[in-house]
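In the two assemblies presented below, subunit A is common to both, partnered first by subunit B and then by subunit C.
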Partner chain A sequence: MIAAIQSSAVNAAPATGRVLTVDNLRAYYQTRYFGIEREVRAVDGVTLHVDRNEVYGLAGESSCGKTTLIKTLVRAIRPPLNVVGGSVTFNFAGRDCDIYALNQSDLENIRWRHLSYILQGSMNVLNPVRRVQQSFVDFAYRHIGQPMPAFLKLIEAHLHRVRLEPTVLDAYPHELSGGMRQRVTIALASVCRPDFIIADEPTTALDVVVQKDVLSMLRDVQREICSSMILVTHDIGVHANVSDRLGIMYAGRLAEEGRTVDVIRNPRHPYTSHLVTSLPRIGDVTQKRGLEGAPPNLANPPPGCRFHPRCPLAIEICRAEHPPMVDLAPGHRVACWVTAPPIKPGALQ
Partner chain B sequence: MLTIFRDLFRYNREFRIGALLTGFIVFFAALSLVSPYPPQDVYIVPPDLPPSPTYWFGTTSRGQDVFWQLTFAIRNTMLFGFAVALLSRLLSIAIGMWSGYKGGIVDRVLMSINDTFIVIPLFPLLVLFYFVMRDKMSWPLLALAMACLGWAYDARLIRSVAMSLKNREFTQQSVFSGMRTSEIVLQEHLPYVLPIVFYTTMNNMNWSIGLEVTLSVLGFTNIDTPTIGVMIYWANQHTAMVAGIWWWIFFPVLFVIILFIGLFLLAISMNEYIDPRSRLARMGGMRG
Partner chain C sequence: MSAAGPSRGAYPVRGTSKSGARGDPAAPLLDIDRVGMTYVGGGLFRRSAVRAVDHVSLRLEAGEPEIFAVIGESGSGKTTLARMILNLATPTDGTIRFLGADVTRIRTNRDRMAFMRQVQPIFQNPFEAFNPLKRIDRYLFVSARRFAGARGRVDIEVTADKALHQVGLSLAEVKGRFPHELSGGQLQRIAIARALISAPSLIVADEPVSMVDASLRMSIVNLFKALRDELQVSIIYITHDLATAYYISDRVLIMQRGKAVESGNARAVLDNPQHPYSILLKNAVLSPDDAGRPMPPAGAAQDSSGIPVSNEE
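Entry: the complex of A and B
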């Protein structure tokens, strides 16, 4: 068992290559009550990849499918959410594995050891009637494969990494502050040194000072254990500080994806432009203008580009056909008929 | 574990009083082991004597010493209450938590059984049970019957808590970390449910002892085994209140009240140890 851990630590060494490949993933909420079928297309045709040692940011307004997407990535789905098509492939320890092709025991071996998940509302991940140490034992002990005393030492050392005293182990969650609880959950998610961490809104409930603290800590831990990370938050400011690459989601699809600097400095999708211009800047006194309308109902999304009802640039084709993702520059992909028309012979004339 | 009890005894007034009262009753019940008279024998002491240095609690019209008779009665009543509470708690925790966690078809089947037990009128059923069993009736049998009838309300209560726990983040995290369903339910959810179980245990003992007394007073149990209810039954048979033999009824009632109060105080102070939230509330941090 110990040999297995050492080997996994060795295998984590290659610092490049893809860890996660998502291909045309579609996940729908399918319900059927009293003979009425409803299908909410929360994730519709998402293709992306995450490299080793990289933080991939995922942004978008509420109800655009961010949480559904990552639930689907870690296969933490329950009916009515179903995966309708596409694939999610992780590369752990040099082996490719399609997460939907794994059996239950393989899945459990991967989780936590290789793939960990900081849930949304992660302040409540700790059981209110269990001490912090018991939560560590409940969640992580089975995945470490070391005797209990060694495991406890490991936890203490790891807590030190997120600047927490070992005394928090004896505390109940309600005795800790929000920031401390958040750091405990980060420690909990990273204690097994996973290759991949998925963090869903890890700092939403914190004030900006603690938020910065927690984020830099998350980043430090991620760098130290050489893992990759998907960071979900609707706060573009957070992405600017933490994420290497940024994906902008709108209504269950990726609208734009690229290096964070490129996406924020030079947004190409009209939705991203609006998102970025909505950010307050020091010295900027112009009136901020809201974008008319609301995100579409995903049970009945508009035909064509899902953004077209709100898009100031919309043209005829936007109402009819969904734009494909087009590489504008290496690594900068945009799905828009107007700003990123696919290069087709004849289409540009 | 011992230090917990020591600290509770030292710092918690409810626990101290509860432990003393319950301890007193348990000690009293233990005296039945050294009783000079077998419990079923009658006319072994002069009848109808009021409390005196010789007969502390007086004697009955059937020539029994109330003191020694009461040691047997309180012992049997207490064992009866514990047996019913224990058995019905097992049922209600198992069914409530399983049903709440599993949901779906399991929940629907279990809850329709549960609701059937809730709407069945218990008293006529127990009377019927007595008439079917007649001479074979004994308190363990009655305890079993009552345990099978007494779990339904509490199972529904526990189910409602389990349903809410199922959707909390820490449950999702537990599932994600690969804990088995049994581990989630026993390790993560049970500590949350236990304070409720403690309260319902008290209620349940209260209910079962009360119902046993009712049945005994009406003569629908085995009236040869002394319990609190059976003592009152015999006192009524001999019109003790009218004849002025008040000690025959007063002492059984007093002791059963002491038992109730003692157990209740124990339960609420135990809760303080089990449930960290109520400790915080006691410090005055969470008025609400």
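Entry: the complex of A and C
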């Protein structure tokens, strides 16, 4: 396994196929203090897959389990967060690897070389007392496997791709503007041409004007190196512009998933419909309504469908049983008893 | 209003402090005249000055409640302007008059209280605005005692409950709870209720919905509309979100590096912006309607630094 991963030439992966398969993943925060056990079901039965050269968008409000899902995908978990069921399988260089079956050194070889992240606050990602060049050496030098002068040349060429001058390599993070710092983190995450990039709210801390530029750059780099990406943000406008497919999370579960155009233009889950229709748009003066109620407490989620206390369409079965994901159209899955009833509700038990 | 006696200070409070009884109808509610703020940094040998707000003027009429949006990217001086209106920062030049009286000339405590009764803030992050170790009702009770003149437990609770009902909550839901027990949307509603206790005539809201979840955001935005229409409160709504500004505001002011570059009727300005910076801002909005359309390649979008700042008012 290690040999296969290390010997694979840079970016030799096939252009199609499945890169990530997540099957019924469940990750709970489990605590036990003074004999009181508490369980927060932050990710509860998520099934999804990401294809090569695809941007998978993940949307949902705060405390819906987005960040926990990401942590679980890259195995960056520590107690009290535990994976209690399901599997996460990546396909790197033509080989399947279950990330929870790898040993530590395999994991270290995969991270950054095949699997990298772009995090939210770029100021907190770059070490403030090290120059940008040293950060590149820290993260990427061992994975590139070339002598230092060639490595530096490669970095300069890569920085050019995100329209940064080579002079930023000598700067400290605080000397750069927010947009430049975020571009440095994008360059840092993509310099090894990883198969998979996870971007957690990459532009939330940025200004409106800079945001669009950084996003299109992210998209261009992703297209050029043919990697897959999970893009997490609560901003539907960002997903509309960048994501190929979109998954809507609510209270630790996927509510709807499909091609971004289908989900936004033709939402089927009542939560998605609300998210999309409630967005104000320039040129639209119709009255918009907010959603009543608050997101559920994941330590004590409501029975049945977790959205039913806030759902305008809720019927009897929503209070008792969780709806299964149903394929409404090829690739468009929805979990709702009302808008997407299974063919044979009785056969599911 | 037992606490609001006749004012003899520099700051005129006519009648009671109820918003219905505003001052001289001839004087505008808020009149900002070429106000400026320069922050000076550095030491004896290296001094640097940042012009955060540069000759901005705006005027809100009394008796005509409206939502006035101030739009700009970070560093454009929006928050500095808000702090000057709230009298938390003193402008280096220009004047800010509230009901005809210069806010920087407030000297006595009585005048300051009367001013605070009329002008109330709402801050960006509701999780930071409240002390996590204090019960949330305490803020309402203190405001009721100091600004609404409520005396005695029953009176204070009735005042707080009334304000909470105006934002769609009730004291029973909130009483005795700590900030972490409530969602961001609820906390922001409580912040608005607290501001309403003194029956203000002007609310300065600095990015009030940017930290609130998407599903709850519109209910807060709609609440501002209701405050304007039902309680006759004028609101200065500071934001970088053009879409919500278009949705709720009557007038807008677009700021770039401290200067007002464009202002006017909200729908007219945002439908058809004239200044290059306003056009740039509008083009930077990512709309959900873009789904299915290819995104322009990087570099097509401009940097705001290339656009000259000019006053076109």
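As a working rule, the second predicted complex is superposed on the first by the 329 of 349 C-alpha atoms of A that agree within 3 Å, B and C clash if a C-alpha of one lies under 4 Å from a C-alpha of the other, contacts with A are read in each partner's own complex, and residues count from 1 in each chain.
Basically, a residue touches a chain if its C-beta (ideal position, glycine included) is under 8 Å from a C-beta of that chain, and two chains touch if they have at least 3 such contacts.
It should be emphasised that the depicted structure is a prediction, and the values quoted were computed from it without experimental measurement.
Engineer: Quick one: is A:R219 in contact with subunit B, with subunit C, with both, or with neither? Answer first, second, both or neither.
Structural biologist: Touch status of A:R219: second partner only.
Engineer: Touching A:L126 in the superposition: subunit B (first), subunit C (second), both, neither?
Structural biologist: Touch status of A:L126: first partner only.
Engineer: Does subunit A have more residues touched by subunit B or by subunit C?
Structural biologist: Partner with more touched residues of subunit A: C.
Engineer: In the overlaid three-chain picture, which partner chain does A:V83 touch, first (subunit B) or second (subunit C), both, or neither?
Structural biologist: After superposing on A, A:V83 lies clear of both subunit B and subunit C.
Engineer: Just subunit B (first), just subunit C (second), both, or neither: which does A:H143 touch?
Structural biologist: Only subunit B; A:H143 stays clear of subunit C.
Engineer: Determine, under the contact definition given at the top, whether A:G283 touches first (subunit B), second (subunit C), both, or neither.
Structural biologist: Only subunit C is touched by A:G283; subunit B is not.
Engineer: Based on the superposed arrangement, let me know which partner A:L102 touches: subunit B (first), subunit C (second), both, or neither?
Structural biologist: A:L102: touches no partner chain.
Engineer: Contact-wise, after the overlay, does A:E61 reach subunit B, subunit C, both or neither (first, second, both, neither)?
Structural biologist: So A:E61 only meets subunit C here.
Engineer: Return the residues of subunit A at which the contacts from subunit B and from subunit C coincide.
Structural biologist: Shared contact residues on subunit A: none.
Engineer: List the residues on subunit B that touch subunit A in their complex, please.
Structural biologist: Interface residues on subunit B, with respect to subunit A: 168-170, 172-179, 183, 187-188, 191-192, 275-277, 280.
Engineer: Please name which positions on subunit A make contact with subunit B in the complex.
Structural biologist: For this pair, the touching residues of subunit A are 74, 76, 107-108, 111-112, 117, 119-122, 124-130, 135, 138-140, 142-143, 172, 174.
Engineer: Quick one: in the complex, what on subunit C touches subunit A?
Structural biologist: Touch list, subunit C to subunit A: 73-74, 183-186, 213-222, 240-244, 246-247, 267, 270-271, 280-292, 295-301, 303-304.
Engineer: Can you check the complex and tell me which residues of subunit A touch subunit C?
Structural biologist: Subunit A reaches subunit C through residues 61-62, 163, 207-209, 211-213, 215-217, 219-220, 234-242, 260-261, 264-265, 271, 274-276, 278-285, 287-292, 294-295.
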